[in-house]
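Two complexes are shown next, each including subunit A; its partner changes from subunit B in the first to subunit C in the second.
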Partner chain A sequence: MTFTRFMQVGRIVLINYGPEEGKLATVVDIVDQNKCLIDGPADITGVERQVISYTRIALTDFLIKIDKNAKSKDVEKVWEEEDISGKWEATSWAKKLASRKRRVSLSDFDRFKVMVAKKQKAAIIAKKMAA
Partner chain B sequence: MTVAGMMKQFQVVGRHMANVEHPNPEAYRMIIFAPNPVIAKSKFWYYMHQFRKMKKTTGEILDCVELVEKDSQSVKNYGIWLRYDSRSGTHNMYREFRDVKLTGAVSQLYDEMAGRHRTRPRSIRIIRTSIVADEDLKRLNPMQYVGDDVKFPLPHRVASGKRGQKALSARTYTKNRPTTYFG
Partner chain C sequence: MTTDTKTPRYYPAEDIKRPRKKHVLVKQNPTKIRSSITPGTVVIILAGRFRGKRVVCLKSLDSGLLLVSGPYKINGVPLRRVNQVYVIATSTKVDVSGVDVKSFDDAYFARSKDEKKGEEEEFFADDTPKPAVVSDQRKKDQKVVDDALLKTISAVDMLEGYLAASFTLNSKDKPHLMKF
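For the complex of A and B:
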């Protein structure tokens, strides 16, 4: 099993737990085997510079070139250049998270609409299969 | 000392009571690591009466102020010299920790001494602390994490069984082996 995602300076991570759940952040420095220093950057993702445990984060495939302990502004600049936010929204991981969130927030009427749409889809497929 | 938990750093200044012969006695300042100012002041007297002929009844505390970390946004290496009592004697020790604050490193110290040596907080006396440059680190563990190109995977990620589960039955039995490989 080869590893492709590494804990390193510049790695983009998704926060899985805690008050910043669901947000992206950049690893700015590594403290030790259990925690690292992350930064949103705060103006883009809303995550302030803080120490976070590895158990609360998930590594993504994205990596940006920043210096160790780079200032928030420098991280922001590289983030904008690479358009990490855009690239992240395009991944199926982000889309799945978004659809899960949407599903949980549906009202009863929305769920009714979903049921009707599913029935229509099933009817089209059945007609195609019969033919 | 009671349960350590998150330590705070206090500057405690005290002196002997003023009297007619010595109207202005010399004031002494100590940096004490304690969970709260009450324990900090108590520890101040504990140390002061070991070093000088002064105790709580014959002295007064002039000031007890919490010292807050100036830069809590960058990781530093802390070297801590301490003296601790083991079951059969008392020893000196030097340990290094990487943390964002000195109080964080000291809290780590108490937890590690408890874990590795069963030392209770009451048996630990911190002699000296300092920030150590990357090149001057002596202990292997913090040495691994300094440098510009530190890189390692997070292998065998074990999820917390309790996270997100409502019922005990939800986490006790599962039909699929959990996956621990996340790239």
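For the complex of A and C:
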């Protein structure tokens, strides 16, 4: 079992902690063994260029080809070409995060509708199993 | 000749009862109703006979209580007053613009005075609970209000079932994290 996701320039990361929690960013430079420089790009993901500790981020599978210390505009260009936002939304990781967020924001009426839908689904399944 | 300036020479034999200064409580400000509770809000009653029931709030009365109706046909809650303190306001709203609630105020719900019995009479009376007698006027008013309400409720999908169901907490629910 080898490692496949490396902390490298161009690695797309998900921020897990802090004010930018839940947003994607690109690694633009490595500072030392504990922190790196990331950039949103700000116009796409809303994350400004900043130094962030490794403990606050999680590596994703996505990697883009950018130079070390590339300008925000250049990162943006490559991001758009690769359509990282679209690819990320399609992953089950992103979908799980989205469903968790949706679950928390349900109103009392929504929770009732979910309960009814679950019962209907169970009834259909039970019917199929009995047949 | 001595001058009496501090202590009087004669005291009355018995103490004179002087009335205490009456502390006047002035009710100036009306009760502040939570901003989440507006006419038409579906509200969860948390205490009392109808605890757990989801109910439509019709208006707030002068006494600061909320006027609420099941509707009676859906969950058995009649036109009733309820304190906003025992209530969770949900974000679900029902259109109550077509419901006339101007005639309902605190006097409408006040208890009638002719139910006082002498202490002895009460002592010898039966212990069987007397069934509640609902006046015809209440029934009539209930029907008028509910007919208007049911029209708007049946227009929304699943709302009737939602109002009929009771609110419960399960072991995995965390009320401080739940959005209503």
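Everything below uses one rule, namely that the second predicted complex is superposed on the first by the 131 of 131 C-alpha atoms of A that agree within 3 Å, B and C clash if a C-alpha of one lies under 4 Å from a C-alpha of the other, contacts with A are read in each partner's own complex, and residues count from 1 in each chain.
Methods note: contacts are C-beta pairs under 8 Å (C-beta built on N, C-alpha and C of every residue); 3 or more make two chains touch, one makes a residue touch a chain.
Not measured: the values here are computed from a predicted model.
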So if we stack both complexes on subunit A, do subunit B and subunit C clash, or do they fit?
fit
Taking C-alpha centres, what angle do subunit B and subunit C open up at subunit A, rounded to the nearest 10 degrees?
100
If you stack the two complexes on chain A, which partner ends up touching A:125: first (subunit B), second (subunit C), both, or neither?
neither
Subunit B versus subunit C as contact partner of A:58, first or second or both or neither:
first
Taking the superposition as given, does A:3 touch the first partner, subunit B, the second, subunit C, both, or neither?
first
Quick check for you: in the superposed arrangement, does A:68 touch first (subunit B), second (subunit C), both or neither?
first
Which chain makes contact with more of the residues of subunit A, subunit B or else subunit C?
B
Mind working out whether A:17 is in touch with subunit B, subunit C, both or neither, as first, second, both or neither?
first
Is A:116 touching the first partner subunit B, the second partner subunit C, both, or neither of them?
second
By the touch definition at the top of the document, which applies to A:108: first (subunit B), second (subunit C), both, or neither?
second
Where does A:32 make contact in the superposed view: on subunit B (first), on subunit C (second), on both, or on neither?
first
Using only C-alpha atoms, work out how near subunit B sits to subunit C after the chain A superposition, in angstrom.
12
Dual-contact residues of subunit A (subunit B, subunit C) none
Complex contacts: residues of subunit B adjacent to subunit A:
73-75, 98-100, 141-142, 145, 148-155, 160, 163, 181-183
Which residues, counting only subunit A, touch subunit B once they are in their complex?
1, 3-9, 17, 29-33, 37, 49, 51, 54-55, 58-59, 61, 67-69
Can you check the complex and tell me which residues of subunit A touch subunit C?
104-109, 112-113, 116
Help me check something: in the complex, which residues belonging to subunit C touch subunit A?
42, 44, 54, 90-92, 158-159, 161-162, 165, 167, 177-180
